[in-house]
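Dropping the structures in below, format is structure tokens.
Note that chain A is present in both complexes that follow, paired respectively with chain B and with chain C.
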Partner chain A sequence: MIALRFLVRRAFHAILLLFAVSLLTFLFLQLAPGDFLSEMKLNPQISPETIAALRQQYGLDDPLPVRYARWLQSVARGEFGHSFAYNRPVAPLLWERGRNTLMLTVAAMGLTWLVAVPLGVWSAARPKRWPGRTISAGTVALHSLPDLLIALLLLMLAVRTRWFATGGMLSLGFEEMTLGERVKDLLYHFTLPVVALVLGNLPVVVRHVHAAMAETLEAPFIRVLRAHGVPEWRVLLRHALPVSANPLLSLFGVSFGVLLSQSLIVEVVMTWPGLGPLLLEAVFSRDVYVLIGVVLASTLLLVLGTLIADCILLWTDPRIRRESAA
Partner chain B sequence: MKPPLRRALTLVVLLHLLILAAAFVGPYDGTFQDREHTFSPPTRIHFVDSNGQLHARPFVYATTADPERFGEYKEDVTRAYPLRFLVPGAEYRLLGVFRTRIHLFGVEEPAKVFLMGTDQFGRDQFSRLLAGGQTSLLAGLLAAALSVLGGGLLGAAAGFFGRLADTVIMRLADVFLSLPWLYLLFAIRAFLPLHLDPEATLYLLTAVIGMVGWARPARLVRGIVLSAKERNFVLASRHFGASELYLLGRHILPQTYGVLLTQATLLIPQYVLAEVTLSFVGLGVGEPSPSWGTMLAALQQYHVLQSYWWMFLPAGLMIMVFASYFLLAAQLQGRLKSTQF
Partner chain C sequence: MAAEPVAPLIEARRLRKSFVKRHPLRGNAQAVAALDEVTFTVSSGSIVGVVGESGSGKSTLARAITMLQPPDSGELWFAGSDLCRLGPGALRRVRPQLQVLFQDSATAFNPGFTALEAGEEPLRLQGMDKVARRSRVLELFRQVGIAEAAAQRSVHSFSGGQKQRLAIARALTVSPKLLVLDETFSGQDLSLRAQIVNLLLDLRPEKGLTYVVISHDLAFVGQFCDEIVVMHRGRIVESGTASQVLRAPQHEQTQALLRSASLLTGWSRPAS
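This part shows the complex of A and B:
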């Protein structure tokens, strides 16, 4: 019941937020000089009359409120406007590209946490010895390496060794492949972007796990457990880790946003057909509705990420349940 | 100052001085195109000449394109050109003021010294890296200043005046924080004309990057101001008749400086990277003026990745700049924690 009320409230907030974002982007985009058709004016093959007719057809000269209202109508129809460059509704386009981005980010997220939690716990358990020192030095070094460079370095690896694809998502003739070949082909393209994202996200998560664990390990109850002779691995994993889980679960939600931004760069460098390249194309061709759509889709993904994290928090921590009931 | 903090600060300052003196430290003009040396690998610096004789002063050989193997260069070992310091070269303005021709190091023509090789137009990567650093760091520093000052003021206003100001500013901050920031940055960049002259682009980009990041400092400062205005000495001052502005300027804002400084050191590398990313995809400072982003953009080409490994060398300095800022931020954060009550 509490969870339901919480969910309803959050969903309401999310809708308000998306609405505000759409309104803001819409307003600002009108300030931008030029539109999709302004490049066409340079093309001598297209007559000025054609351009005028197209402007009329797309309604580019209508006043702002009219255009916003029309856009809202198309949202209600589930179209989210019309892409000039692709000449089709934006929503299916977003769905295709968003799915690819989601595939990448969710895989990277899972893998990051799978690697980061043991590393963080280990370094917190042995802070003054070699594991702790090596891991913290490694995270600092990795943290200084921008995502852009990680992606480029991995791309160089792919180009030189041919172990991985140098871009794209599917090989030609994917449709004719057997299931095994398909999985192999997908892995061939999938590995590098995921590794790039994991390497980019890992240092932040490891550091947070380390910090949360280090704080918990100083608590008196840990000393009591150790004095009782509870095995060290059990102290760490059964007792200390669940206690330090709270900040980590919040981070889980926040880090999804960071991951989306990283994914934008990685997708562009590795030509992964996700939201990133779509956004870039839209910026270059002034494809306004695609631009708004991508921004909204990325916001939605981020909101969903934090929502999931909050739900897990609500489920694991009775204190938060009591607070939100009040 | 504790030694680790001093070390980090020294590193940051040294790197900035190096980049500030780009035209002096770099042996060539970053935009000069040497058509005879396109994609030249880093010049080899020798100590022992072809006769096996040891030289006290390191030297280089002049290189020419190898007529037998396309795209490779061979050394002309008949004459050694010693590496000299403070030699005359291309004219430039030191710090934008003093007209001079003296460069930190160089060799006599026709020999060349390319520490990091050259790019596809035969431009010296090392000189270009330093000159591009000026663009990228300036954008990062200005944008961080804008974000921290703007965000700080808005946050302080929200925390201090409360009510409507608080609601409006913090709701807006929520909107900004709930967008993935790189998507937001690209979207805002889309509001600006695509093609601009480099200088205008630099300042517009700075404004855009600065605008995107105001929300986090604002939220932090608001929190501090909320707790600061309830502290006893502030209450005392208020009851002695201090005006609102006096309270804010004299007692409350100074309590936020530590957090703002730490935020700035965290934001600068992030914003430098933002500029690099925008220039990388072609939405930032354009050619021919150097920027770290446009230098990295060459690495998107297949043949560059395949054959010209030295195109990655500039990344070394960039990583050093980022690392130095992260070290500084970590030290400042540690210090902030230990001084808080």
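This part shows the complex of A and C:
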């Protein structure tokens, strides 16, 4: 019951947020000079009359409120506007590209946490010995490398070794492959961008796991457990980790958003057909509705990430349940 | 009451422990001796008070004799073995016999556990089955005055005094020989303090317990300890029976502690 009320309230907030984001994106795009047809004007083969007719057709000269209202109508129809460059509704385009981005980020997120939690716990358990020192130094070094550089280094590796694809998502002739070959082909393309994302996100998560665990391990109740002779693995995994979980679960939600924005860069560098390249093209060609669509899709994924994290928190921590009931 | 000469439960010889203190800006390290050649004996069944001002090393001593923070050097004899020389496995088997009660019982429990789970945790290691564990914990809860109905509640829903009782019950689940009370009574109001002290005094003969009471309050410790050890800058500067130390304090540190105690509480030295 409490969970339901919480969910309804959060969904309502999310809708308001998406609404505000769309409005602001509209306004900011309005402030930038030029539009999709500006470049056509430079082309001597297209007459000014044709351009004027197109402007009329797309309704580019209408005042902002009218265009926003028209866009909202199209949202209600489930189209999210019309792409000038692709000459089709934005929604299906977003879905195709968003699916690919989601595949990348979810895999990267799962892998990041799978690796980061054990590393963070280990380094917190042995802070002054070699595991703690090595992991700390490693994460700092990795964290100071820009995402772009990591992606480029990985590409270099792919070119040198030919173990991985240097771009794209599927090979030619994917349709004719057997299931095994398809999986292999997907992995061939998939591994590098995922590794780039994991390496970019890993240090932050490891540091947070380390910090949360280190703080909990200082607590007197840990000392009591050790005094009772509770084995160290049980102290760490059954006691310290669940107690440290709250800030980490919140980070889990936020890290989804971070991964998403990192993913946009990695996708462009590794030509992964996700939202990243779509966003870049849309920016260059001033394909405004695609732009707004990508921004909204990213916001939606970020909101969903935090919502999932909050739901897990609500489920795992009885104290939060009591507070939201009050 | 004066302690009769009985076999020592724990014997510490020349314990040393120093901490490295780093200057926050220059970063140069400086060793601070928290325990400096500390030698003392705790007789079985006695109550020994360890008093001293803040930073005198009394809490380090508490953590050293329970091996929570092993000393750098020295010997610590308990039940026929030197704890400082034991391997991790052997040490873990001895640990249950040396229990500590901390000042802040609120942070002494895993916040996600119920009272019963917290009480059962130490017993899991001893291979006791669930039914036996539960009945033992509930029996101890009853002895410290926690109702069986409350055992399923989360630990943080208990009051401060009840948490202290839970902590005592939990420490007793593993039948310890020694219970170190590390500033357990600081910051408690007087009636609560009296209740807990009475509870501990009642439990002592029944469970065959020995207490080491760490405190900065000499007057309070003097009321129920057999022996008193006064620490100053990592060293034991005075020790003896409670009446000796209270009536004829030799060291100026002891005298200072007594003066501050009587200033604060209006307590006066017993007439000799």
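Following the convention adopted for this analysis, the second predicted complex is superposed on the first by the 326 of 326 C-alpha atoms of A that agree within 3 Å, B and C clash if a C-alpha of one lies under 4 Å from a C-alpha of the other, contacts with A are read in each partner's own complex, and residues count from 1 in each chain.
The rule is short, and it goes like this: a residue touches a chain if its C-beta (ideal position, glycine included) is under 8 Å from a C-beta of that chain, and two chains touch if they have at least 3 such contacts.
Since the structure is predicted, the reported quantities are computational estimates derived from the model, not experimental observations.
Contact with chain B, but none with chain C, is seen for A:S261 once the two complexes are overlaid on the shared chain.
By the touch criterion defined above, A:L225 lies against chain C but remains apart from chain B after alignment on the C-alpha atoms of chain A. Looking at the superposition, the partner that touches the larger set of chain A residues, chain B or chain C, turns out to be B.
Using the contact criterion defined above for the overlaid structures, shared-chain residue A:H239 touches chain C, although it does not reach chain B.
Residue contacts after overlaying the shared chain place A:P146 against chain B, while chain C stays out of touching range. Look at A:F28: by the touch rule set out above, it reaches chain B but stays clear of chain C.
Those residues of chain B whose C-beta lies close enough to touch chain A in the complex are 174-175, 178-184, 186-194, 273, 276-277, 280-283, 296, 299-300, 302, 305-306, 309, 312, 315, 318-319, 322-323, 326-327. For chain A in complex with chain C, the residues that touch the partner chain are 219-221, 223-231, 239, 242-243, 317-319. Chain A contributes residues 17, 20-21, 24-25, 28-29, 31-34, 140-141, 143-146, 148-149, 152-153, 155-156, 159-160, 166, 257-258, 260-262, 264-265, 268-269, 275, 279-280, 282-284, 286, 291, 294-295, 298-299, 301-303, 306 to its touches with chain B in the complex. Chain C meets chain A in the complex at residues 66, 68, 92-96, 98-100, 102, 104, 107-112, 121-122, 125, 154, 156, 167, 170, 174.
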